[in-house]
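This is the structure, below, for whatever I ask next.
Read from first to last, the chains carry the letters A, B and C; within each, the first residue is number 1.
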Amino acid sequence: MIALFTDFGLHGPYTGQMKAVFHQMAPDVPVVDLFADAPAGNPKASAYLLAAYAAWFPAGTVFLCVVDPGVGGERPPLIVEADGRWYVGPGNGLFELVQRRAGTLRRWDVTWQPERLSASFHGRDLFAPVAAMLARGDAPPGRTRTDASDRRSDWPDDLAEIVYIDHYGNAMTGLRAAALPAGSGLAASSRTLERARTFSDLPVGTAFWYENSNGLVEFAVNQGRADRALGLSVGSSVSIVA
Amino acid sequence: MIALFTDFGLHGPYTGQMKAVFHQMAPDVPVVDLFADAPAGNPKASAYLLAAYAAWFPAGTVFLCVVDPGVGGERPPLIVEADGRWYVGPGNGLFELVQRRAGTLRRWDVTWQPERLSASFHGRDLFAPVAAMLARGDAPPGRTRTDASDRRSDWPDDLAEIVYIDHYGNAMTGLRAAALPAGSGLAASSRTLERARTFSDLPVGTAFWYENSNGLVEFAVNQGRADRALGLSVGSSVSIVA
Amino acid sequence: MIALFTDFGLHGPYTGQMKAVFHQMAPDVPVVDLFADAPAGNPKASAYLLAAYAAWFPAGTVFLCVVDPGVGGERPPLIVEADGRWYVGPGNGLFELVQRRAGTLRRWDVTWQPERLSASFHGRDLFAPVAAMLARGDAPPGRTRTDASDRRSDWPDDLAEIVYIDHYGNAMTGLRAAALPAGSGLAASSRTLERARTFSDLPVGTAFWYENSNGLVEFAVNQGRADRALGLSVGSSVSIVA
């Protein structure tokens, strides 16, 4: 299975062209759209989101990841194998948390080159073919990487920021709920919110936080929009209240 | 074939994770996105939309339906077979019209339990696996249902409200055109509109109603947006003018 | 492979119903969403976008193209084979540039009729079945076309207008970069912009134009939105500055 994690949007021609590459190079491999609206141009917030959601997928999944504001510039194209899952994309920090949390880890610089590489769409021309090769079982088309310039040792283990707002207005953070001290409250927009198990445990209109279905701390309002109620957007800071 | 009917949006990780379940459990079954923007948190409006659109699909189709504002709460998880089509989702009224209009009907309470059930995403953890089992030909993983607590006998046979606004601004109602008296006008936002066959039969800019391609009464404006022209949104009332 | 080029949006039931037709009639053929947000109701702008993007796909691809403000009216349903690629859709100019730029060209009027043709959704009832037939290798279900009423000889070879705004705010024109004199500037919204190779070659916030990954002239701002910075929307005129 190939899973797409990009900031391309589903509309427009970008995701479709990458899928056309997969259909030609790895026709029997199913493809799922995981995120097409990862934090735009923001590899840091994306890195926390990716690590939380990739962990749910089975070993062998190939994640094609493109949040790449520097396309055409100097960041290296990477292949990472972490806990049996494969990741292909730009070496701009996007894989930092996946790597940091991995039990087993291997890394390659992509050395394969397409016949024609556009300046602006490496997702289609470089990363998608490499993902297709991995998904059909080819050896990684690269050279073992020793350079750590893509690592971001200064980023925290958990990110106390909003990293995603979903269709319902729920606001996900880069914090893993399991990493919080028991009984923690969370403050967002100068309000302290209590933890609940899920939506239906609270009166309609109540704001709370809960552990979402992929383990992240998420702000929500029962039958309402937490982003509007709490004034949250991607990048908003939150803080842990002991 | 599995058809998805949800209020999840196509963006974000929800639909992709359900498709990942299908690829693992029922890899040869095609999946189509029917609605990812069913009326959010509104099982009643969704029920009329689902009944109209499901009727177009062939027998054997499995509809995975998640419009579930009470996720984590008390509504029962159901399997319904109506006229040879299968429906999986919450027993909150979402299947009321499908059941009421069915020639043949069987019902089960889902008894299968996943190893791990998140509190907030039964679509992925419970309903998608059950839909995959049905789609690959397994017997319904449940117990014949006799309880009628999911039925909504007080809901009308046709709903005189807007249940969906499409990409063009066309406004669908929960009324079946075939159920209207011949020559009926329809009033929306204190204007009475006449029936037309299709867009190109009328001058540009004219508002009208017509029987849409799935049999519902729909308000439209030739090369314009009916939602803006008539001030309509999901939940707006309409009335039949004899 | 079938590629979808429509103005339907991905949300709502339209694309899903066409895919359900493909799954039933051509179950082994992969389908990709190329554009679901082609210029709405605008076959002219769409024609330049389609010609640029279709050229990237391999011979044998079937493009199902529905930008059809006259659905239900008099425009003829067409099949076009141009340079080994197939196109199915309304004869309203949508295929003008594909045909004009083709080395080899064959044309048919669709003569196949569905059992039931809705007045408003020929994409599902007529065009999708015809595309499925072509994709599975059937002979074109039509009659060789000699009528040129669908041709638009008065349209230019390249269109100096914005034809698409993408998710990032980049603004594509209907101009092929290769057709511009060397050293051309381009004026949009009374500003003249210089050419760059790609985003990362310029300071953050700088507006420029470049040849996009499918050969079109595109306005962009490094880590910004060109549509807002330059006040551009679909239909905005641009001009070449020698």
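The working rule: a residue touches a chain if its C-beta (ideal position, glycine included) is under 8 Å from a C-beta of that chain, and two chains touch if they have at least 3 such contacts.
Remember, it's a predicted structure, so these values are computed and weren't measured experimentally.
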(message) Building nodes from the protein chains and edges from chain pairs that touch, which of line, ring, star, complete or other describes the result?
(response) complete
(request) Taking all residue numbers used at the chain A/chain C interface, answer same if over half belong to both copies and different if under half do. (result) different
(message) As a multiple of 5 degrees, what angle does the CA superposition of chain B onto its copy chain C give?
(response) 120
(message) Centroid from C-alpha atoms only, then distance chain A to chain C, rounded to Å. What do you get?
(response) 31
(request) Can you tell me which residues of chain C touch two or more of the remaining chains? (result) 9-10
(message) Residue numbers of chain A touching chain C in their complex, please.
(response) 7-17, 19-20, 23-24, 27, 40-41, 69-74, 118-121, 124-125
(message) Per the contact definition, I'd like the list of chain B residues that touch chain C in the complex.
(response) 1, 3-4, 9-10, 30, 32-37, 53, 56-58, 164, 166-168, 197-201, 210, 212-214, 223
